[in-house]
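There are two complexes below, and they share subunit A, which is joined by subunit B in the first and by subunit C in the second.
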Partner chain A sequence: MDELLDRAPCGFLSMTEDGTITLVNQTLVELLDYKRENLVGEHINLILTSPSCLFVQLYLLPLIALEGHVEELYITLKTKNGGEIPILINASKKNVIENNNIKCILIPIRQRNKYENELLIAKKDAEAALKAKHDAIEELRVTLETLESQTEELLRLNEQNQQFKIETKRELELARKIQQTSLTSPIQNKDIEMETFYKASKDLSGDIYGIYQLDSTRFGIILLDVMGHGISSALITMSLHALFHRLIREDGLTVEKVMKGLDNHLHELFQNNEEARHYCTAIFLLVDTDKQQIDYINAGHPSALWQDANGTQFELHSTTPPLGLFKNVRFESQTLLYKNSGRLLLYTDGVDPLGTEYLHPFLMENASLSLPAFKKKMLQTLSNCQIDNSKSDDQCFIIIDIK
Partner chain B sequence: MDFKLDVVEETGKVQAILQGEIDAYTAPVLREQLDGISISEGTQVELNFSNVNYMDSTGLSVIVAFYKSVVANGGDIVLTCLSERLKRLFDITGLTDIMNIEVRKVISNNERI
Partner chain C sequence: MYVIGITLWYNLLKNKINKYYIDAKIKGDDSMLDFIKKNNVKMSGEGEQAIIFAAGFGCDQTMWRYVAPQFEKEYRVILFDYVGAGKSDYSAYQSEKYKTLEGYAQDVVEMCKELRLKEVIYVGHSVGATIGMLASLQEPALFKQLIMLGPSPCYINDLPSYKGGFEREDLDGLFEMMELNYIGWANYLSKVVMKNLERPELAAELEGSFCSTDPLCAKEFARATFLSDYRHVLQQVTVSTCILQCKDDSIAPKEVGIYMNEHIKESAIFFMEATGHCPHVSQPEETTQLIFSCLANI
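Moving on, here comes the complex of A and B:
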């Protein structure tokens, strides 16, 4: 064999038409780890894997017999030690120099297989990445759709809320008007004169008052402050208002009866619900301008102040606990007899930040002011009083001049 | 608005230390926590107000409800360390005459070291 062919960088073998090896180059001998003499004379099946044996017998050899050559067929060689070497084989029995033997060139493609495998893996990875990308895009699309749908829902809810807010505001405004309409008008006559102020910290107030002329010389004045403020307190004020409106007009009216009636009402209202229990502070005055006498009960309410024409002051302080807190409270009226004309100041604890210690001298220093001027000055003083908004309370006061 | 209640329970004694502001927002929390304190015959309860800087009428109603519950169960209750401002709330409502209340102890200059 030519030296060049013997050491060519590919395998070479020659075999008879039935597959008997007649010639093999050194490159192939080394590749298969045989000795040359172990291969020459042997059938090619010796160096083929089982599937390749079948392939060669059933396809390669018949094709060569028919066509005279084959190109780039893929088979697997088997080494002496059983190792497998993938190769591409070109075989031909044309251009025969010596005889009818088949000449084969065998090129190992281990590296190519490796590259192809890597390419396959890379392709799979790329496909997986592409799929992940498509999945992510799909997920994003779904998320976007959800987001759009949620945005629409939020806009719809927001619109509903706005509508609800507008309706609630309208309802509260109406309720505020109803509550304010329920307030009785101040009485102005030759014996008595009044000014009132009523302001809710929110839309509705937990304060309520009532002023009644019972006959030509007797007047009933009540001021209540239900705990808390806002809608819940306002509901209770209206229920109490309806009750004292009736109680004050009953025959045999006494201060005790009115306060006991209001106290009983609150206990009945919350007898089965301690958690919802609301109490209220209240002061009720029965003024008799003929007898020059004020009968009163103060139930846990800030002290009312009386100042006569001589500047003598008197505090109508609390004599019983607030209404609705303790059962079986004994209500006993107190009496203030006055000789001279004077001014009464009743107020709820929303006005109390000024404090009785402030209101005493305030009443004294402004005794000469007319009632409207006195009210104006009180309001100025209140507006100057810095009260934390979150702690602001309903405000109500009644100023009464008894002549 | 922050509010906290620390309860120390020993045999026959309960000390509840209130801290923060007691108003319409925190009063329900206080009510729930006070409801969790078990009171039996003779239990001495102290409600310590030393760290309470504000209380409104809603808070007052919770305290009174707890007071009634302690008394109904045969216990004794004392409200301690009230600031002058808080004490005034109880004074105005006439509750000072009904409940056992101790004002915040202020150390006079002579007593300071």
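Moving on, here comes the complex of A and C:
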């Protein structure tokens, strides 16, 4: 072999088409740690790792057979001691000088191999990252789809809700009319004259009142305020209404009997259902214009106000707890005797923003006003007052002039 | 060699082989051309009896270029590429389908059916032989004879009873080596694979390359090939089989060929003078002659 080739700075070998080594240079011999005579005549598999044997059989030899040459194939050599040397191989059976053998140049690429391994790792990482990204996008897409279908569902539910709202509104409007219909009309005659005001904070009210002429000189007036407001309270007012409607017109009516009857009714109603328990404040007046006497019981209700023609005021304040709150309460009626004509004001705590301390002078100052004018002024004052008061309650008041 | 396409139609017409294709052409039914494009099917030859040549792992139909033309005078020669290799339609590649060799076998069956072939002679090299064997299990009636060149039903040792030739680590090393050898041209190929229709010159470049295989397809094909174990199906093979065993084949050693011959019912084995794993490339004359002997033997 040419001295230059023998000592060239790269491995060189020649082999037959079936892989038998015919020639190796000194560089390669030293690289592999063999003796030259141990290599010549051997199959190339001797100096290849197992994967490289496969690779040479699968790619290198067929490629050379078909194309006459290969370039830059990466394989791994196996030294005599079993060490591995990554190399790039160029092989050719062209430029035939002596025979048809395959001439190979082998360049160790230890450094480059490390670099390529790094590249391969980086490539795999990038591929994994790309896959993760695609997975994430897919997940997002699914989420988006879910979200869209949920939005659609929400829109559908909202529409259903709107429909429900419209129907409920219609129902409540009807219920409000029914509740209003149950209210008795004010009485106007030579002895007594009255104005009423009734307004629910929502559609239905927790307030209810009843006005009854019992005979030519006796009148029963009742005003109740069930705790809370809205549908539940309104249902109870209707139940109480039915009862006092009957009680007040019974023979042998007394103020105590009416209040006791209402109290019992509430206890019975909720005896097995504490959760639903409601109580109510109430004031019931039995006015006798002949005797010039008012018998009354105020059960936890805001004080009613009486003012006679001289401007003397009297407060019909609460003497018993609200109805339905404590059992075995004894109801005892109070009596107010009056000498001459006067004005009586009953109200629920929805009117309370005005306050009793306000209503005292208000009643005094406007004593000269006719009943309708007095009501109008009171409503004006109330609506002015209401502006600052966001927390609205059911409102009801009754003004009675006794002549 | 006639190239499938317009020329084929006239060739078929001339040979009065199948009116079906002529109908398809008249109707302009492109779907019938799909499988031809998919597997880059090529037909040539003057004979009536069809003979299919299937490549082994890592290459395409050009591997048969010294052998296949020898059969054109007496046979109808059919060559094809596996999806993911050669000039097949890379867009038809599905990892799920081709993760096992059955996927490739299914394509062979479909190809035979589309071409209205029956009782074909199938010559398969290496894993191509296994694919043909699996296809014959799917549709035995399609095959008249299997000729296996350097076949192996299992490459991994299952000692002491079976010596496939390799340990799992060797094969992992091969997969790694394949990846490292693909670094340089992976980028180039993936451009082609990505159906770059606006750059037709890429397809032209690919035509100029030899044994081109998409790296992803090659990686999965390698795993499907070398990690497979089809020893249990050998006894189910009913088609007459002829095994051509090379000398010093490190990929499919002599013991493996003998094992196959023993387990396939109707089988014969011929020991070749040729060495290595690719006798059809290194010793095309002997290979051709032995295939003819197998054909005469049936």
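In this text, the second predicted complex is superposed on the first by the 280 of 403 C-alpha atoms of A that agree within 3 Å, B and C clash if a C-alpha of one lies under 4 Å from a C-alpha of the other, contacts with A are read in each partner's own complex, and residues count from 1 in each chain.
FYI, contacts are C-beta pairs under 8 Å (C-beta built on N, C-alpha and C of every residue); 3 or more make two chains touch, one makes a residue touch a chain.
Computed from a predicted structure; not experimentally measured.
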Contacts of A:Pro321 with subunit B and subunit C, given as first, second, both or neither: first
Partner chain in contact with A:Tyr279 - subunit B first, subunit C second, else both or neither: first
Partner chain in contact with A:Glu72 - subunit B first, subunit C second, else both or neither: second
Partner chain in contact with A:Gly228 - subunit B first, subunit C second, else both or neither: first
Partner chain(s) touched by A:Asn45 [first = subunit B, second = subunit C, both, neither]: second
Touching partner for A:Asp349 - first (subunit B), second (subunit C), both, neither: first
Partner chain(s) touched by A:Gly300 [first = subunit B, second = subunit C, both, neither]: first
Complex contact set, residues of subunit C against subunit A: 57-59, 62-63, 65, 166-167, 169-174, 176-181, 183-184, 210-211, 248-251, 275-278, 281-282
Subunit B - residues contacting subunit A, complex: 1, 23-24, 31, 54, 56-58, 60-61, 64-65, 68, 92-95, 98
Interface residues, subunit A side, partner subunit B - complex: 225, 227-228, 274-275, 277-279, 281, 298-303, 318-322, 325-326, 349, 352, 390-391, 393
Residues of subunit A defined as touching subunit C within the complex: 17-19, 43, 45, 49-55, 57-59, 61-63, 65-67, 72-76, 113, 116-117, 119-120, 123
